[in-house]
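Read from first to last, the chains carry the letters A, B and C; within each, the first residue is number 1.
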Amino acid sequence: MTFWNNPINFIGNWLTGVLTSWHMPAALATILLYIVGIVVMIIFAMTLDIGLVWVERKVVARFQDRLGPNRIGPFGLIQPVADIIKMVIKEDITPAGADKIVYNIAPVLAATSVILLWAILPLASTIYGVDLNVGLLYIVAAGALGTLAIIMAGWSSNNKYALLGAFRMVSNMISYEIPMVIILLVPTILANTMSVKGITQAQSGMWFAILSPLALLIFLISAIAELGRSPFDLNEAESEIVAGFHIEYTGMKFGWFYAGELLHAFTFGGFMAIFFFGGYGGFFGLEKLGFLTWLNIPFVQALVFIAKAMFGYWVIMWVKYSVPRIRIDHMLAFNWKFLVPLSLVVLVNTAVLNKVLITLPSWLYVLGMFGSNILIGWVTIEILRAYGRKQRKAGEKPISPAQPQEQVA
Amino acid sequence: MTAEQIIFLLTGVLVLGSAFMVVTVRNLLHAALWLVASLFGVAVLYAILQANFLAVVQVVIYIGAIAILFIFAVMLTRRQLLESGRQTRSSWWIPALLGLLILIGLVSLILSVPGLDRTASAMPVGLDTVQALGTALVSPDAYVLPFEVASVLMLAALVGAVYVASVDKK
Amino acid sequence: MQNEWLYIGLFLVIGIIVPVVPLVFARLVAPRKPNKIKQSTYECGIETVGDSWVQFKAQYYIFALVFLVFDVESVFLFPWALTLKQLPLFVVLEGILFIGILVAGLVYAWRKGMLEWV
């Protein structure tokens, strides 16, 4: 175990040695080391979060054909620091009649639910918090805490628009959780494990994006809805109900809602990378080739992971800044009448084909899984087209026969 | 007093204290939030017992679905009702006495079970609990019938809820 | 085993402290001059109309109910999914039966108009 191979354990062992030579009991040393590791991980996540503010503002500017922040620092890189300083020194206005305790807990809970996700996120094969054997459901559980924070924020603000925004947002989030959890069963079946690191390692042969592109698509859509970003952002529809559930929040409390949302988006980009694009693993097993073995160094793997997560985050931003907002009844109908049945079909298809085709040679297996997804996609589009055609025909007025024109004398 | 016992005692205080607050707090929404704290304490208890799957499922289902359902149900009531009304009836000492008697009976019953202070046998190393649970749920000689019956039970719940809601709509 | 949850427990504690620190710092640093107008409820810049409480649409509750049933179903499916590799094909059929029964429930709710928003 060298430093390059396994940095965290190497440093951990060295520090344990130092601490026990100072006659500290082993249990206390372990706890202290855990705390140090956790603080480092959280600081990394927070620094990434600060960088994401800059990325988001530059990208939205370019999509809208303008420059974005470019005054403070080179290319506006110091802008997020200015933003944070501004938020901290702004006055904290609590609305009259607000439920003070719940009002103050809500932003903390929203930020905590996102930070908790970093405990199981594997940045590299040896850089991660814990390898929980039920990692997938842990992700869903952390999301549940976020949902609770939104209800608390909307209710305690004593503002009917905040309450409306919170109701809509929570209905949205819980509805889209179903296709997400059902689609998360697809990597579970393909990798035969629920642990996040295990799913990454199972993709060393073939990325799950190739084995099941429909699952990737449905996961992307439900992730965007879970995050509450456009086109599913009814909760903060600026033109409708101002800022939704966080209307009455000012200063750093609003800052935590905002930063939490950005970090949540990036973390979901990271999950997309892990579940479908091989995580820290590299490219289709290329790293086993002789001259590319440096791809296996944990620090390089971490960079690969962050690059893939950035790609996922980029796709999420791309959708946000290109597509108009969807109405709430369309949103819910889309989920319950389209996404849930489709995700169940994809799940059943994966389960059956995985069992039947596993004995065949691997290229036939990949072809079979990919082909079945394309087939399901094509059938779905045909059904939608037939439905659309029927709706159009029902809406057309019957064409009356031509009337003879009156002669103008 | 091992560390595990200390953590168990603290979690027990969290669960029981939150449960007590649920029934005594005046504001209905606060009661729902104390319930969330109590359910979270139960999840911590599952984690102490190394039942990983049950711990996360507890948070996902109870806090992520049932507590939200409770909060939605609380919000269906008019706001005035949320914070008014008497907390206790005049004859509150009768149920309190009954509760105390039942508590004494239960505690003495549990204490009379032989082998209570025996430590649990260690789990076999490398046992994947979730996979063992899965195998138990689908093997024909294990629990596959309750597994399928559970889906029928959920179907009944769904049909019942839809029926009640459609009656209300008319 | 035990260490995993200890790590996550410590993560939770520190994850609660980290957002609280800037909030406490802001409380020390930021000005505090509350007055009646600043603390009034925001309603697009005009005076508020009516109570600050809206009639909760019953439709939200129905969606939460349907969500609950499907959430429990998908959680049941996780242990099933982990056994597919070892056990023979009929296990897949058991799962399909499970999913099929609940799809029947979804179709029933759909036909009864429970999934409409109005």
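The criterion applied here is as follows: a residue touches a chain if its C-beta (ideal position, glycine included) is under 8 Å from a C-beta of that chain, and two chains touch if they have at least 3 such contacts.
All values derive from a computational prediction rather than experimental measurement.
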Q: Count the C-beta pairs in contact for A-B and for A-C, then report the pair with the higher count.
A: A-C
Q) Looking at CA centres, what chain is most distant from subunit C? A) B
Q) If you average the Cα atoms of subunit A and of subunit C to get two centres, how far apart are those centres in Å? A) 15
Q) When the centre of a chain is set as the mean of its C-alpha atoms, what distance in Å lies between subunit A and subunit B? A) 30
Q. Counting only residues that touch at least 2 other chains, which ones in subunit C make the list?
A. 4, 8, 51, 53, 56, 60, 64, 66-67, 71, 75, 78, 81-82, 95, 106
Q: Name the residues of subunit B that each touch 2 or more other chains.
A: 52-53, 55, 57, 60, 64-65, 68, 75, 130
Q. Which subunit A residues touch at least two other chains?
A. 132, 137, 167, 174, 177, 194
**Q.** Parts of subunit A lying in touch with subunit C, wherever the complex brings them together
**A.** 30-31, 34-35, 38-39, 42, 46, 87-97, 104, 107-108, 111-112, 115-116, 118-119, 129-132, 136-137, 158-161, 163-164, 167, 171, 174-175, 177-178, 181-182, 185, 188-189, 192-194, 242, 247-248, 251-253, 255-256, 328-329, 332-333, 336-337, 340-341, 344, 347-348, 351-352, 354-356, 358
Q: Mind listing the subunit B positions that touch subunit A in their complex?
A: 3, 27, 29-30, 33, 36, 52-53, 55-57, 59-60, 63-65, 67-68, 71, 75, 128-130
Q: Enumerate the contact residues on subunit B facing subunit C in the complex.
A: 4, 44, 47-48, 50, 52-53, 55, 57, 60-61, 64-66, 68-69, 72-73, 75-76, 78-79, 123, 130-131, 133-135, 137-139, 144, 147-148, 150-152, 154-155, 157-159, 161-162, 165-166, 168
Q: Mind listing the subunit C positions that touch subunit A in their complex?
A: 3-4, 6-8, 10-12, 14-16, 18-20, 22-23, 25-27, 29-34, 36, 38-44, 50-54, 56-57, 60, 63-64, 66-67, 70-71, 74-75, 77-78, 81-82, 84-85, 89, 92, 95-96, 99, 103, 106, 110, 115-118
Q) For subunit A, which residues count as touching subunit B in their complex? A) 27, 99, 102, 132-134, 137-138, 140-141, 143-145, 147-148, 151-152, 155, 167, 170, 174, 177, 194
